[in-house]
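Questions regarding the structure given below will be posed in turn.
Labels for the chains are A, B, C, D, E and F, by order of writing; each one numbers its residues from 1.
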Amino acid sequence: MNAQPISRFPVPDIADLPKDIAERILAVQEKSGFVPNVFLVLAHRPDEFRAFFAYHDALMDKPGNLTKAEREMIVVATSNINQCQYCVVAHGAILRIRAKDPLIADQVAINYRKADVTPRQMAMLDFAMKVSQRAYEVDEEDMDVLKAHDFTEEDAWDIAAIAAFFGMSNRLANVTSMRPNDEFYSLGR
Amino acid sequence: MNAQPISRFPVPDIADLPKDIAERILAVQEKSGFVPNVFLVLAHRPDEFRAFFAYHDALMDKPGNLTKAEREMIVVATSNINQCQYCVVAHGAILRIRAKDPLIADQVAINYRKADVTPRQMAMLDFAMKVSQRAYEVDEEDMDVLKAHDFTEEDAWDIAAIAAFFGMSNRLANVTSMRPNDEFYSLGR
Amino acid sequence: MNAQPISRFPVPDIADLPKDIAERILAVQEKSGFVPNVFLVLAHRPDEFRAFFAYHDALMDKPGNLTKAEREMIVVATSNINQCQYCVVAHGAILRIRAKDPLIADQVAINYRKADVTPRQMAMLDFAMKVSQRAYEVDEEDMDVLKAHDFTEEDAWDIAAIAAFFGMSNRLANVTSMRPNDEFYSLGR
Amino acid sequence: MNAQPISRFPVPDIADLPKDIAERILAVQEKSGFVPNVFLVLAHRPDEFRAFFAYHDALMDKPGNLTKAEREMIVVATSNINQCQYCVVAHGAILRIRAKDPLIADQVAINYRKADVTPRQMAMLDFAMKVSQRAYEVDEEDMDVLKAHDFTEEDAWDIAAIAAFFGMSNRLANVTSMRPNDEFYSLGR
Amino acid sequence: MNAQPISRFPVPDIADLPKDIAERILAVQEKSGFVPNVFLVLAHRPDEFRAFFAYHDALMDKPGNLTKAEREMIVVATSNINQCQYCVVAHGAILRIRAKDPLIADQVAINYRKADVTPRQMAMLDFAMKVSQRAYEVDEEDMDVLKAHDFTEEDAWDIAAIAAFFGMSNRLANVTSMRPNDEFYSLGR
Amino acid sequence: MNAQPISRFPVPDIADLPKDIAERILAVQEKSGFVPNVFLVLAHRPDEFRAFFAYHDALMDKPGNLTKAEREMIVVATSNINQCQYCVVAHGAILRIRAKDPLIADQVAINYRKADVTPRQMAMLDFAMKVSQRAYEVDEEDMDVLKAHDFTEEDAWDIAAIAAFFGMSNRLANVTSMRPNDEFYSLGR
């Protein structure tokens, strides 16, 4: 089964990649023990690779009030509605690890309204799903609901930007037929 | 986390149940090592319980050309579109076990079009999804596609009936807020 | 026009059916003056037939606060949204008879919001339609609305289970191309 | 039940109406034995009344290849998808009378794909439904399908214009809460 | 580019048209400096032409509380959701002129929720969009919202009728592939 | 009207921005004669700003078979379906300028199927819209259609990536209530 292609498009050899990209990939490999396929699939386009991961890091690694697990919840919930196999499987693994909870990722993916999350996290996910599915209807009332759950204006931006960025990522993964690494399925369970 | 309610409705004690229902539940417990919550949640209504499981068994345990794993694929794909946490988690576990494949359930749930299935299984899932989402448009052409993949008329009935039955089950699980047992999440991985 | 097939699948002769099924069908025929096609179409699969009607009776004939007419309203409203010819026509007839109202079935089928029903029945139908179309969004607020209209928790289960069961029935009828008996169209008008 | 209002808006007395409108209404009453409520509801706005019925007559009474029954089929199928009680009930009656078929209206309303119509009529209804629901996607291929069923370019215009006109009518009826006359429900059965 | 056809259907010569229609067209030409294509495209069907413009004038030229610009806002917002090129471009031009605002038409077309309109106009557009997209759900609460913004019952009828009439117009324009005159694109900017 | 806020979030003074960002903004201002609001709105988050524009440039300024006008067509068509005022207005202006065609932007925005584009461009827009709205259904057949119109595999990536990137941009603009500069409305007309 490992012989399955990981992309509909050509996948470069790490040896052929620009040095900065190869280094980032090798650093991830060292840390994770394997290279998540998103790195190899997107490396087909070095400039886009650099911008994608710069954006990713700017949203997922920045300081802020949202915990790392909460950010992953946003990714997992919106990616399942967008039917993105790569993002649900890979970020589901990261969510399990960040939350130290083996159940949370599947719960949030399938129906976040039934997940073991706090009311505050539920409001966060309601907003993220609206941004993902009907951003044109977002209005001041949505901001008020977030504020009532002690989210700041900056938190609202974070939630929206993560939902929007992974909406892009979901579309890229579906078009490239990006295949999740087998390793992700069982991580953190 | 085990303290979470498994239903929005009252859940009976096994000791208070009609004998036939209690016996079925205890038999499952002996075989599986735990009682899947669907048995306890639906036992609140003994007559419906009996009809539900008689129907379930008539579709899932009957002889026929669909393998047990294929039947579970239908359940898993349609249940995720219906956002049913219980059915995706519980039948995902059964699918992994039946297919002896730790990856297949998540693949089929999130986007069956990208799953490691045969073209014949893909046609089966396309039809099951149409029954689930737009049964009113099912027509002779759908039957022809199935026949072109060597499905018989009886197989078409099986696929449709499984998709329809679990469409009911998905709605019951969502309304009752039926909680998947923690055990299911890791089974067969 | 009576020469039209009543199912896309083979329809058994009553004489060839298992005795319990033949008896049920003959009893219905004696009571109604004709055999509703759902009995003949589903008799192609005896085990599923038995489970289907056991479930049907458990929901439609059980005691409870919902009147028989109200249960049929749920069937008729949800079946039209699912574009199920058999269920709207057959249960429309039953609704007219149960409610002793020749207009109610067409009203409820086409747009229940404009039907001659009580505010309590309107709340019942709002909930049934939500279960039918977006069960994954059902939450505690829906329960509160029902309670405000004097529905008990058990009534909520009844409404949801009827909507869910006929959602299955609608899909089976559409896939089998189940044809309503001509008799139903004019009954109770 | 007759005490139910027939419109959310004021309904004029025939005696107070402009002479041409009163005369049209009395002529209909003489012919049909009752005044269909659409005349009274729209008479609240005499200029719109005149334009509405001029348009109606230009489409429904004009010569052309579509039979009167076929035009009513278009009205009935599209009006049910638009959940318009008045149009389905009133034009269902007219369809039964025009087609001399007591079953056809309910069949076409609920799921025209299962109705006792010819393949040519099915193509007509497929096109009418596309105009009603997704007119922005209508293209040359749709025209080719119609031509393959011996519809002329003028027939295509007729089908589209009827679907479009009753789409307007459905919206007006739903906003005014236009109530169908009791008489329509049983006419032609 | 002017060589592009303005309709999928035959377009009559003005010289061949019935006198009343030719006169109306020539009057428009004199006033506007060009003949908007809707006149030529619909003149293919003189009776429908007369009814269409009688209806149009009854709604758009009648006295009432809605300003001419507000009526055009309704046309522009609903026509873009219906993806009608002719109506957005032509009525966008009229809206810019009526409102003496070069920006308002594009704002209202693309996302009226972000347009430079008053809260009262926003409520008007919310209602118009509901009539256009989900008229079957319009209820007393919608009327109350309008009243809270000082709209009368007659204003509600006006808004609904304009949304409904242009819903018809949008479908006709999409089916005929009615081409907007080049002149409209820049008028009022 | 210029007093309208350009973002729901704080907008930084150029003087307070990191030097690289201020320089980019001043360069744009020099070239265009004004600062497009997207620069000011996103500058609230410098790291995201840098990643956003790096990504933008990697897609919109890269060499490749798609002309600059074709890339803008993708932006305009998908942004209107996502009801994004900023992107339709700003990129509509750029499209008019790139294509040297004052009509093309409004045509493509409202209903690209009726726009003055080549069959090859129509296939490009069909694919871009599918990526935007149903990327999970993209499959090998879509690639074959593109190839039949002489698009390479790399072109397919470009189309998809532009649709995906602006899907993110549309969501950010709607959540921030990003206001298009008045200048864009009339540019290139």
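Observations on the structure shown:
Everything that follows uses one rule, which is that contacts are C-beta pairs under 8 Å (C-beta built on N, C-alpha and C of every residue); 3 or more make two chains touch, one makes a residue touch a chain.
None of these values were measured; they are calculated from a predicted model.
Counting steps between touching chains, the shortest path from subunit B to subunit C takes 1. Over half of the residue numbers at the interface between copies subunit A and subunit F are found on both sides, making the touching surfaces mostly the same. With centres set at the average Cα position, the gap from subunit B to subunit D is 43 Å. Between the Cα centres of subunit C and subunit F there is a gap of 50 Å.
If you average the Cα atoms of subunit D and of subunit E, the two centres end up 23 Å apart.
Under the contact definition stated at the top, the residues of subunit E that touch 2 or more other chains are 83-84, 111, 136, 174. Shown here, the protein chains touch in an arrangement that is not a line, ring, star or fully connected set.
The list of touching chain pairs reads A-B, A-C, A-E, A-F, B-C, B-D, B-F, C-D, C-E, D-E, D-F, E-F. Residues 111, 113 of subunit A are the ones that touch subunit C when the two sit in their complex.
Interface residues of subunit F, counted against subunit E in their complex, comprise 1, 4, 80, 83-85, 88-89, 92, 102-103, 106-107, 109-111, 114-116, 174, 177, 179, 182, 185-186, 189. Taken in their complex, subunit B has these residues touching subunit D: 136-137, 139. Interface residues of subunit B, counted against subunit C in their complex, comprise 8-10, 44-45, 47-48, 50-52, 54-55, 57-59, 62, 82-84, 131-132, 135-136, 138, 140, 143, 153, 156-157, 160-161, 163-165, 167-172, 174-176.
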